[in-house]
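Two complexes, one shared chain (chain A), two partners (chain B, chain C).
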Partner chain A sequence: MAMLTVEDLKIYYATPFGHVKAVDGVSFEVREGEVFGIAGESGCGKSTLVHSLILRKPPMVHMGGKALFKGRDLMRLSKEESRKIRYTELSIIPQYAMNALNPTKKIKDIVWDLAREHGHTDREEVERLLRERLKMVKLSEKVADMYPVELSGGMRQRATMVVSTLLNPDLLIADEVTSALDVTTQRVVIELLHHFMREGIVKSIIFVTHDLALLDKIADRMMILYAGKVVEIGPTEEVINEPSHPYTQLLLSSLPRMGIQYRKQKLRGIPGYPISLLNPPKGCRFYTRCPYALDKCPSEEPKLVKVGEEHYAACHLLGGEDQ
Partner chain B sequence: MSELLKVEHLTKVFTSGLIGGFEIRAVDDVSFTMRRGEIVSLVGESGSGKTTIGKLILRLIQPTSGRILFEGKDVLKFSRGELRRNYYRQVQAVFQDPFASFNPLHVVDRSFHLVFDSYFPRLDEGEREKLINDALTQVGLNPDEVLGKFPHQLSGGQLQRILIARALLLKPKLLIADEAVSMLDASTRIDVLNLLGDFRDKYGTSVLFVTHDLALGYYISDTTIIMYRGTIVEMGDTERVFHNPLHPYTQMLLESVPDLNVKWEFRGIEPEKEEGAVYSIQGCRYAPRCPRVKEKCFNVRPVLHEVERNHWVACHLYGGE
Partner chain C sequence: MGFRRYMVRKVVVYGITFVFAVTLNWLLPRLMPGNPIEAMVSRSGGAASSQLIKFYEEVYGLNQPMWKQFLNFWVNLFHGDLGYSMLYNAPVSSIIKHALPYDIAILLPAIVLSWLVGNWLGAIAGKNKKYDRYTMPLFYFLASMPYFWFAMILVYVVGVKLGWLPYSGAYAPDLVPSLSWTFIKSFLSHWILPFLSLFIVMIGSWAIGMRNMIIYELEADYVRYLEALGASEKLMTKHAYRNAILPQVTGLALQLGMMVAGAIATEIVFNYPGIGVLIMNAALNQDYFLLQGAFLIVVISVLAANFLIDIVYAFIDPRVRASYTEG
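And now, the complex of A and B:
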C-alpha cells in the first residue's frame, strides 16, 4: 500500500535569472513498511524534494504535480494543516540533527511543548513515553531532565531521534542524517532507524543520502536523481548490482570498495560537471557527461523504461518509446 | 625507498581555561616514518588528532614536545625564513574546503602567481603561462575553462584540482592532503584522488593522506595509520591492516564502514559508552569503550610493537613490551 505517492512534482527556485529547476517532474511512491532511499550528488534535488514535502518557503516554488500522503495532497495543505500532521504523521530528522534541539530547554520540556501542540494533555503520560523511548535507544532516563548541551554528540543524536519519532509518525524523513557523523556513530543511527521500523514506531522511512554504500545497507527500494530528474528507480539490490542507467553504472564504478587498490586497479570518476538547472537541455540531463550519448539525447527526454520487475531507468539506450 | 619524514614522540597538548583548566592531549607521543614516494593514510574519527599532526608537520602550530625530522633535519629548528625559502618548497598542503582556500575577490590565476612570486620571481609572463597551462592540463582541467574565473564560478572539484595543480607546481617531496577530497561528489572524488597517485608515480612525491574515510584510505595508500584520541593504535601495510585488523578499535571501525562488497548484519542498539575523562587515562585511551578490556588496560599504556612484518599494534591483547 502506498503511503506517499508523488506525481510529476516540480519544485523550482525563483532567482533573478529565472527558475532553477531543482526538482523537475519527479514521480515515485513510498510504500507502507519500507525504507525508501533517495540518492544523488550535490545539486540533484534530493534535499529540495523532501523538504518541499514538509515546508515550502520562498524562493522555493511549487510549479506542478502532487504529493499524496495518506490521501491528502501535501502541496495543497494549509499551514495549519501541515503543522498538525508534522511529528504525528510526517516527521523529518534534519541534516544537523545533533544541533537541532533548543539548547535552553530540558529534553522533557522540548517534548512536552511538542506533544501539547498536537493535542496531548497528560504531561505524565508523555514523559513516561519519553523515558521509555530513551531506554529503548539505550540512553539513561535521566536524559529527560537534562539540557541538550549536557549531552555528548552521540547521546544528542539519539535524543534527537527519539524526539522526532515520539509521536509515532507514519512517515519519517531522514535527510543526510549521517553525513556529518563518524562511521561508528553513523552505524548507531542506522541501527536506530532499523529498530524504529521493526517496533512499528514509524511505518515508512525516506532515507536521503549521497552515500550509495550506506543505502545498500538500509533501503528496500531506491531512486537515483540526477539534475532534478529520476534516472533510475527499483529494488536496492537490483539497482546496486544491475544498474541500468549509464549514470548509475558510472557512479557505482567510481566508488571505492574493499579489495580495490589504486596500485592494482584504478577506479574512474565521471568526467565533466552537472549542467546548469537554470537552462537545462530539453533531453537527457546527463548527456553532456554520458559516454554513450546518442544524437537524440540532447533534444528528446528519455522516459522511464521498465528493465526488471519494479525496476525502471530513464535512458534512450534502453529503448522503449512509450512507457 | 629511503626515509623522508620521521616523527618522534610528537605531542601536542591544548589547554583550556585559565587556572585549573583541563588538558586535551590532541596528539600524544606519536612516532612514525614516511619513505620517499610512499602514500600514507592517517585515518581517524573526529577528535583523533589526525589534522593536528598535519598542522604540526606543516609548522602551522608548535608541538608541546617531540621532534619532526625532514630528510634528517629538525623541522622545529627552522627559522621563518628557512621555512619559507626551503621547507615549503618541498612540503605542500591541500585542505578540505576548496572554497576557503581561495580569495573570493581575486580570479583563481592569482593563486599560481603567488607561488611564482615567492619561488620563481624571475620567470616572465610567457614562462609562467606555460607552467600554469601544463599544471592545469596535468590535473585534467582545460586552462581556458578555469583561468580568469572567480572561485564562485567554478565547482568544488575544479577548485580542488587547481589547488593540487598549484601545490604540485613546486614538485614537492611531501604533500599533506587533509581531507582533500571529502567535500567532493563521488563521481569527481576518485579522479582527484587518482591525481595524488599519479604524481607519486611520476615525481616520487610522498603523500600524507589525512582522512576519516577508510575506503578512500584503503584505495590510495601503501601504509595506513589508525588513530584514536591522539594515539596510534595500529599501523602498517594497508592490506594487512585492513584484512587482518588487530586492535579492537580498528576492528570496530572496519565493521562500521558500509562497503558495497560487504554484507551487514543488524545487531541491535548498543549503549553509548561513556568516555569520561579520556585524556586522563594512564593506559589505553580506548579502554572505556573496548569490549575486550582488562584491568591492565586502564593503567599501562600499550606500546606499538610489530606483530607481523610491517604491521604494528598497540594493544595488550597481543603481548609486547
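And now, the complex of A and C:
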C-alpha cells in the first residue's frame, strides 16, 4: 500500500532571473513498511523535494503536481492542517540533527512544548515515553533532564532522532542524517532507523543521501535524481547491480574502492558539472556530461522506460520511444 | 557540580580587581597637576600663607609620604571613613549618601523601563518586516542621539517654551527634603524631564539589540526544527525570545552597574544633585577625597553588577554552566 504518492511534482525557486526548476516533474511512491532511498549529487533537488513535503516557504513555489500522503494532497493542505499532521504523521530528522535542539531548554521541555502543540495533555505520559525511547537508543533516561549542550555530538544526534520519532509518525524523512558523521556513528544511525521500523514506531522512511554505498545497506527501493528529474528508480539491489542509466553507472563507478591505490588507478569522476536549473535544456539534462549522448538527446526529453520488474530509467539508449 | 569552585574563583578575581581599581582611584587624583590645598585656600579668599597651607596639609594628611597616605586610605576605608571633602566641607560619605538616591531615582527606572519597552518593540520589529521598516530608522536615530542633546531639547521645548514642567534641580528650591506631600509632588515634577531624556534615548539601543538578536535566533537551526515538527508561530517565538534575551540581560546588568554615575551630562543639564555632578565638581576643584569616594561607589557598583551577571548567567544559560563545570 502506498503511504505517499508523488505525481509529477514541480517545485521551483523564485529568483529575480526567473524560476530555478529544482524539482521538475518528479513521480514516485513510498510504500508502507519500506525504506525509500533518494540519491543524487549536490544540487540535484533531493533536499528541495523532501522539504517541500514538510514545509514550503518562499522563495520555494509549488508549480504543479500532487503529493498524496494517506489520501491527502500535501500541496493543497491549509497551513493549519499541514502544521497538525507534521510530527504526528509526517516527521523529519534534519541534516543539522546535532544542532536541532534548542541549547537552552531541557530535552523534556522541548518535547513537551512540541507534544502540547499537537494536542497532548498528559505531561507525565509524554515524559515517560521519552525516557523509554532514550533508553531504547542506548542513552541514559537522565538525558531527558539535561540540556543539549551537556551532550556530545553523537548523543545529540540520537536524542534528535528520539524527539523526531516520539509521536510515532507514519512517514519519517531522514535528510542527509549521516553525511557529517564518522562511520561508527553512521552505523548506529542506520541501525536505529532499522530498529524504529522493526518496532513499528515509523511505518516508512524516506532516506536522502549522496552516499550510494550507504543506500545499498538501508533502502528497499531507491531513486536517482539528476538536475531535478528522476533518472532511475527501482529496487536497490537492481539499481546498484545493474544500473541502466549512464549517470547511475558513472556515479557507481566513481565510488572509491578499498584496496586500490590512487597511484595505480585514478579515482574516476564524471566530467563536467550539473547544468543550471534556471534555464535547463529541452532534452535530457545529462547529455552535456554523458559519454553516450545521441543526436536527439539535446532536444528530446527521455521518458522513464521499464528495464525490469519495477525498475525504470530515463534514457534514449534504452529505446524509450517505443513506450 | 563545580559551582562552589566557580564561585570561589569569581570572588578571588573580583577581589583582586577591586583592590586594583581602588588603588588606581587613589592614585589618579594625586597625579593631577596643581595643589588642592592652595586652590582651597585661595577659593576661600585668604592669602595663601605657607603656614596656612601647612596646617591644612596636616589636617588632610597630605604632608605624609605617599606610602603612608596609601596605607591610611585603606585603613580608613575599612572603617567606612572616606575622608573629608575640601569643596563641600563635609564628610565624603555623607555627601555621597545624600547624592546617591537621586541617581538611583532617575537611572533605575529609566534603565529598567527602557529595557522592557525596548526589548518589546525590538522583538516586534524582528518578527514583522513591515513594522521594522518604519521603526528601525527611529530606533537608530534615538540610539545615536547624545543624552545631553535630547535633554537640552526637552529643557528648551517642554521646560522653557511650553513651561509645563520644571527643569532645574531635584525639587523646588524653597523646599527641604522630607516625606511631605508637597515635597513628593515637587520631586516628581522635577523628576519627569531627566527621566524622560534618558528613558527615550535608551529605548533605541535596546530595541536595535533585541531586533537583531530575534532575527538571528529565528533563523537558527533549532527554530527551523521546531517549525518542521509543526510548532506554532507562538512556540517558535517563545523559544527564540528566550535565547535572544540573554545578551540583553548582560547589557542590562552592565547598565545597572553604571547606575550611580551613568548620567553625568544629564545631571549637569538639569542641575540634578546626583553623583555625576559631584564627580565633575570634585575633578574641577581637585577635591581628592570626594573624587576618590565617588569613584569608589562607581567601582563597587560596576563590579557588583558584573559579579551579578556572572552568577545569574550560570543559572539562565546552561551553555555557561556547562562550560564552567567542564573547566
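Operating definition for what follows: the second predicted complex is superposed on the first by the 314 of 323 C-alpha atoms of A that agree within 3 Å, B and C clash if a C-alpha of one lies under 4 Å from a C-alpha of the other, contacts with A are read in each partner's own complex, and residues count from 1 in each chain.
Keep this in mind: contacts are C-beta pairs under 8 Å (C-beta built on N, C-alpha and C of every residue); 3 or more make two chains touch, one makes a residue touch a chain.
Here the structure is a predicted model, which is why all the values come from computation and not from measurement.
Enquirer: After the alignment on chain A, I want to confirm one thing: do chain B and chain C clash, or do they fit together?
Expert: fit
Enquirer: Name the contact category of A:S152: first (chain B only), second (chain C only), both, or neither.
Expert: first
Enquirer: Could you say whether A:K303 touches chain B, chain C, both of them, or neither, answering first, second, both or neither?
Expert: Touch partners of A:K303: none, neither chain B nor chain C.
Enquirer: Kindly classify A:H120 by the partners it touches after superposition: chain B alone (first), chain C alone (second), both, or neither?
Expert: neither
Enquirer: Which touches a greater number of chain A residues, chain B or chain C?
Expert: The partner that reaches more residues of chain A in the superposed model: B.
Enquirer: Return first, second, both or neither, reflecting whether A:H19 touches chain B, chain C, both chains, or no partner chain.
Expert: neither
Enquirer: Is A:V188 in contact with chain B, with chain C, with both, or with neither (first, second, both, neither)?
Expert: first
Enquirer: Pick one for A:R56: touches chain B only (first), chain C only (second), both, or neither.
Expert: Touch status of A:R56: no partner.
Enquirer: Examine A:R72 and indicate which partner it touches, taking first as chain B and second as chain C; both and neither are also allowed.
Expert: neither
Enquirer: To make sure I follow: the centres are taken over C-alpha atoms, the vertex is chain A, the ends are chain B and chain C. What is that angle to the nearest 10 degrees?
Expert: 70
Enquirer: What is the contact status of A:R268 with respect to chain B (first) and chain C (second): first, second, both, or neither?
Expert: first
Enquirer: Check the superposed model and tell me the shortest C-alpha distance between chain B and chain C, rounded to whole Å.
Expert: Taking the overlay as described at the top, chain B lies 5 Å from chain C at its nearest C-alpha.
Enquirer: Please give the residue numbers of chain A that touch chain B in the complex, ascending.
Expert: On the chain A side, the touching residues are 41-42, 136-139, 152, 154-155, 158, 182-184, 186-188, 191-192, 194-195, 210-214, 216-217, 240, 250-252, 254-263, 266-271, 273.
Enquirer: Spell out the part of chain A that touches chain C in their complex, as residue ranges.
Expert: Result: residues 54-55, 82-88, 91-92, 94, 96, 99-105, 113-114, 117-118, 147, 149-150, 160, 163-164 of chain A touch chain C.
Enquirer: Help me check something: in the complex, which residues belonging to chain C touch chain A?
Expert: Contact set of chain C toward chain A: 221-222, 224-232, 235, 238-239, 242-243, 246, 316-319, 322.
Enquirer: Spell out the residues on chain B that touch chain A in their complex, using ranges where they run on.
Expert: Interface residues on the chain B side: 45-46, 140, 155, 157-158, 185-194, 197, 212, 214-216, 218-220, 222, 238-239, 242, 252-253, 255-262, 264, 266-272, 275.
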